[in-house]
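What follows is chain A paired twice: with chain B in the first complex and chain C in the second.
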Partner chain A sequence: MIFIGERINTGFKDIKQAVLDKDPKPLQEWARKQAEAGANYIDVNLGAVSSKPADMCWMIETVQAAVETPISIDTNKVAILSEAIKACKKPPLLNSTTSSKEKLDPFLEIAGKYGASMIGLAMDESGTPKESAKRVECAGMIASAWLEAGLPMEHLFLDPIVMPLKFMQDQAKEFLEGARQFTMISDPPPHIICGLSNISSKATEKKLINRTFLVMAIANGLDATIADVLDTDLINAARTAELMMNREIYADAYVKV
Partner chain B sequence: MQIPDAKEKWTSKINAITLGATRAEGGTRAKTVTVGGETTLPFLTSEGEMPHPPAIAGLVVDVVPEGWPDILKKAIGDEIRSPAEWARKCVEKFKVDLICLKLLGPDPVGKNLSADHAAKTVKAVLEAVDVPLIIWGCGDEKKDNEVLPPCSMAARGENCLIGAATDKNYRTLGAIGKADKHKLIGEAPVDINIAKQVNILLQDAGFDLKDVVMCQVTAALGYGFDYVYTIFERVRIAGLRGDKHMALPQIANVGWEVWKIKEALADEDILPGWGKLEKRGPQWEATTAVGYIQAGADIVTLAHPDAIATVKETITQLMTGDSK
Partner chain C sequence: MIFIGERINTGFKDIKQAVLDKDPKPLQEWARKQAEAGANYIDVNLGAVSSKPADMCWMIETVQAAVETPISIDTNKVAILSEAIKACKKPPLLNSTTSSKEKLDPFLEIAGKYGASMIGLAMDESGTPKESAKRVECAGMIASAWLEAGLPMEHLFLDPIVMPLKFMQDQAKEFLEGARQFTMISDPPPHIICGLSNISSKATEKKLINRTFLVMAIANGLDATIADVLDTDLINAARTAELMMNREIYADAYVKV
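Now for the complex of A and B:
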């Protein structure tokens, strides 16, 4: 399972203030905590706080001064991405593009040039599909463009797109069906990822909803997630699900790992 | 039509581990032995690297094993009565890479010798040879907990491989390994889940997995060999796929297990049509070892000089791709 720590995002007040004040401490503290919890990537999201690439670069450099973990550059703006990637010490994860050609092409070029991995959202210019079939179509387009660009499938992450359970209750099933079909796109298949916390947006039982959905998604082929990696119950549920999918070898002490 | 590329792409690497310490490294060995470091399945060098050949550890026992057949004792020679002399012969004559000293004497169901006897034997063997040493307890966890600490201390700084840590005695072995700077064997009873468990427990006790060699209680050919073979294979595949608790070198204690079974003990008078024991015994040992090497064993222990020679030649052929 590939975990991407979601916490360095200006959607959180402490991170927003830290970016405005250029105070490295909160970013570095969250970077360390998430790395210690086993995050494979640290997501860095500038959000709407600034549109300056330099601010994103500052965030990335600040995180890298604290941890060795690779960065997930969370932006859909090519102008920011093309500067931010130069600040990365290790090949990052580009988070994210859609299947729409004008968005996808520059991402492919940057991924190829820097040996980066990339998240492709299963949507196009018309927005998030309501049905799984359209999600599969978008994912297929991204995967074939990725292969045509000569890039390795193990560097591609496809996202069937999670919608909030509270507001779009019919969508969880479409996500799961989409994920299941993404596993058949190629052999070996691409990674299948989601921004997990979206499922519990504005809900009361956030942790329970996140955990339940993650397990169901793993059962349908998901092998990566952007999530709260400090939620031990969540991580342990994911580990248990991975054992049930026979992806890991069981040991009694597996949650200690 | 283009032929698809069927090569496996492995994402991970098996830990490389070096045994023995030279004078510059705080020991007294003239040479060290490095095993592991693979990025592919055994000898499949078209898919990755196998930087170190599997190593052969000459099996030396502190007391003459009662059940061993005469053909084996004769092949080893009179030196079998002195572990130090036996070890020297293994290195100088049989050309093994390292020595595996099995401490059978302290076994409570056998001679029940003291920890002091064991520590003295370790010291004598270290003085007799200049290759790295494996120190393997009798297998009784309680007695091993008494015997192995003084042995570890007697070999302090020599970077030995000490075994076997199980899910019962991993704390004691982890502590002596750390204190005296040795590597450890983690052992499981033909069970991949327990093998992983032992590694997690050792790590949890603060012992670095980079210093651990995995072992399954080794089965001789015909006695569960296929079970152990598939465990070696599954461990290696999991390790190459990124499971850090499985990306460890593996050892097969072939010499110790093979010379207990009827095919290696009984001659033609008891097994008509099975061929002379003199030839069959070492062949059985060599075949078992070569099987494990192809499943992922990085170290094999061997007792009979003919088996040592055969396995040595086979390793050379497999490493060079020269089948003659």
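Now for the complex of A and C:
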């Protein structure tokens, strides 16, 4: 399982304030906590706080001063991405493009140039598809373009796109069906990823909903997630699900306590 | 979701002693607790304590004196089943036969005569298949025989057979793949069920393993389980998974506290 720590995002007040004040402490504290919890990437999201590439670069450099973990550059803006990637010490994860050619092409170019991994959202300029079939079509277009660009499939992450359970209840099944079909896009398959927390948006039982959906997604082939890596119950549920998929070897002491 | 309460089983010491002493109290207490927790059937298992049909009948009558919940008659012995079914006030669940003709035929006859539901295990006289394909073959044979006997598909429960994660780790995937294929056996499909606790046999993290596997099985079409219905975390995980499958309508207060 590949975990991307979601917490360094200006959607959280403490991070927003830290970016405005250029205070490294909160970012570095969250970076350390997430790295210790086993995050494989630290997501860095500047959000709407600023449109200056320099601010994103400051966030990345601040995180890298605290931890060795690679960065997930969370922006769909090419102007920010092209500067941010130069700040990365290790090949990062580009998070994310859609299948829309004008978004996808510059992402492919940057991924190729820097040996980066990339998340492709299974949507195009018309938005998130309601049906799994259209998601599969978008995902297939991204995968084809990725292969045509000569890039390695193990660096591609396809995202069937999670919608909130509370408001779009029928979409969970479409996601799961989409994920299952993504596993057949190539052999070996691309990674399948989701931004998990969206499933529990505005719901009361957020953690229960997050971990239940993650387990169901793993049963359908998902092997990566952007999530709250400090949620031990979530991590343990994911680890258990991976045992069921026979991806990890069972041992009595397989969970963190 | 259809829950069958597993607790009235002489595999548990208190139930064994109660059956030996003909003490109704422990059985009735467990029957009430499981009914209150929402069990749709109360499983009754005489085990190896006795081979007398009268002892099974005593257990069933004792449970029925305490609760209205229908009985799951847990025996593969036709001699016991044919007497036990006469003791049932409501159409029970017959738990269980294999696809082996000499087992299956008398079960079909009894199910037909009493309007009972039935669990068919996806195995034959040669034991539990290692591969999902053979499980599907056995399940298909049971479903065909069920339909040929003119019985309603909504009374048939097919069981892909859970094996212990700790000892047969590759079998969880075979179960899940089997379950998924069982959903395609007919339209509408039969129920898909499992004896859940077997997945965590001899494991340390029993409850975590049980609920994780149940959620993954629901993602693959399972809609019934014989389980510890007093495990609130398990029930809540199952209810959450059912929301994801769009089988129940989301409400903020959907879980028991």
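Following the convention adopted for this analysis, the second predicted complex is superposed on the first by the 255 of 257 C-alpha atoms of A that agree within 3 Å, B and C clash if a C-alpha of one lies under 4 Å from a C-alpha of the other, contacts with A are read in each partner's own complex, and residues count from 1 in each chain.
Just so it is clear, a residue touches a chain if its C-beta (ideal position, glycine included) is under 8 Å from a C-beta of that chain, and two chains touch if they have at least 3 such contacts.
Model, not experiment: these values are computed from the prediction.
J.: Sticking to the clash and touch definitions up top, decide whether chain B and chain C on chain A clash or fit.
T.: Chain B and chain C fit side by side in the superposed model.
J.: Should A:65 be classified as contacting the first partner (chain B), the second (chain C), both, or neither?
T.: A:65: touches no partner chain.
J.: Is A:154 touching the first partner chain B, the second partner chain C, both, or neither of them?
T.: In the superposition, A:154 touches chain B alone.
J.: Roughly what angle, nearest 10 degrees, sits at the C-alpha centre of chain A between those of chain B and chain C?
T.: It works out to roughly 70 degrees.
J.: Please work out whether A:253 is in contact with chain B alone, chain C alone, both, or neither, and reply first, second, both or neither.
T.: both
J.: What is the contact status of A:79 with respect to chain B (first) and chain C (second): first, second, both, or neither?
T.: Neither chain B nor chain C is touched by A:79.
J.: Compare chain B and chain C by how many residues of chain A each one touches, and report the one with more.
T.: For chain A, the partner with the higher number of touched residues is C.
J.: Shortest C-alpha to C-alpha distance from chain B to chain C once the two structures are superposed, in angstrom?
T.: Chain B and chain C, overlaid via chain A, are at closest 8 Å apart by C-alpha.
J.: Using the superposition on chain A as set up above, list the residues of chain A that contact both chain B and chain C.
T.: Dual-contact residues (chain A): 249-250, 252-254.
J.: Can you list the chain B residues touching chain A in their complex?
T.: It is residues 9, 11, 192-194, 196-197, 199-201, 204, 234, 238, 243, 245-246 of chain B that touch chain A.
J.: For the complex, which residues does chain A have touching chain B?
T.: 154, 248-254, 256-257
J.: Can you list the residues on chain C that touch chain A in the complex?
T.: Interface residues on chain C, with respect to chain A: 165-166, 169-170, 172-173, 176, 203-205, 208-209, 212-213, 215-216, 218-220, 236-237, 240-241, 243-246, 249-250, 252-255.
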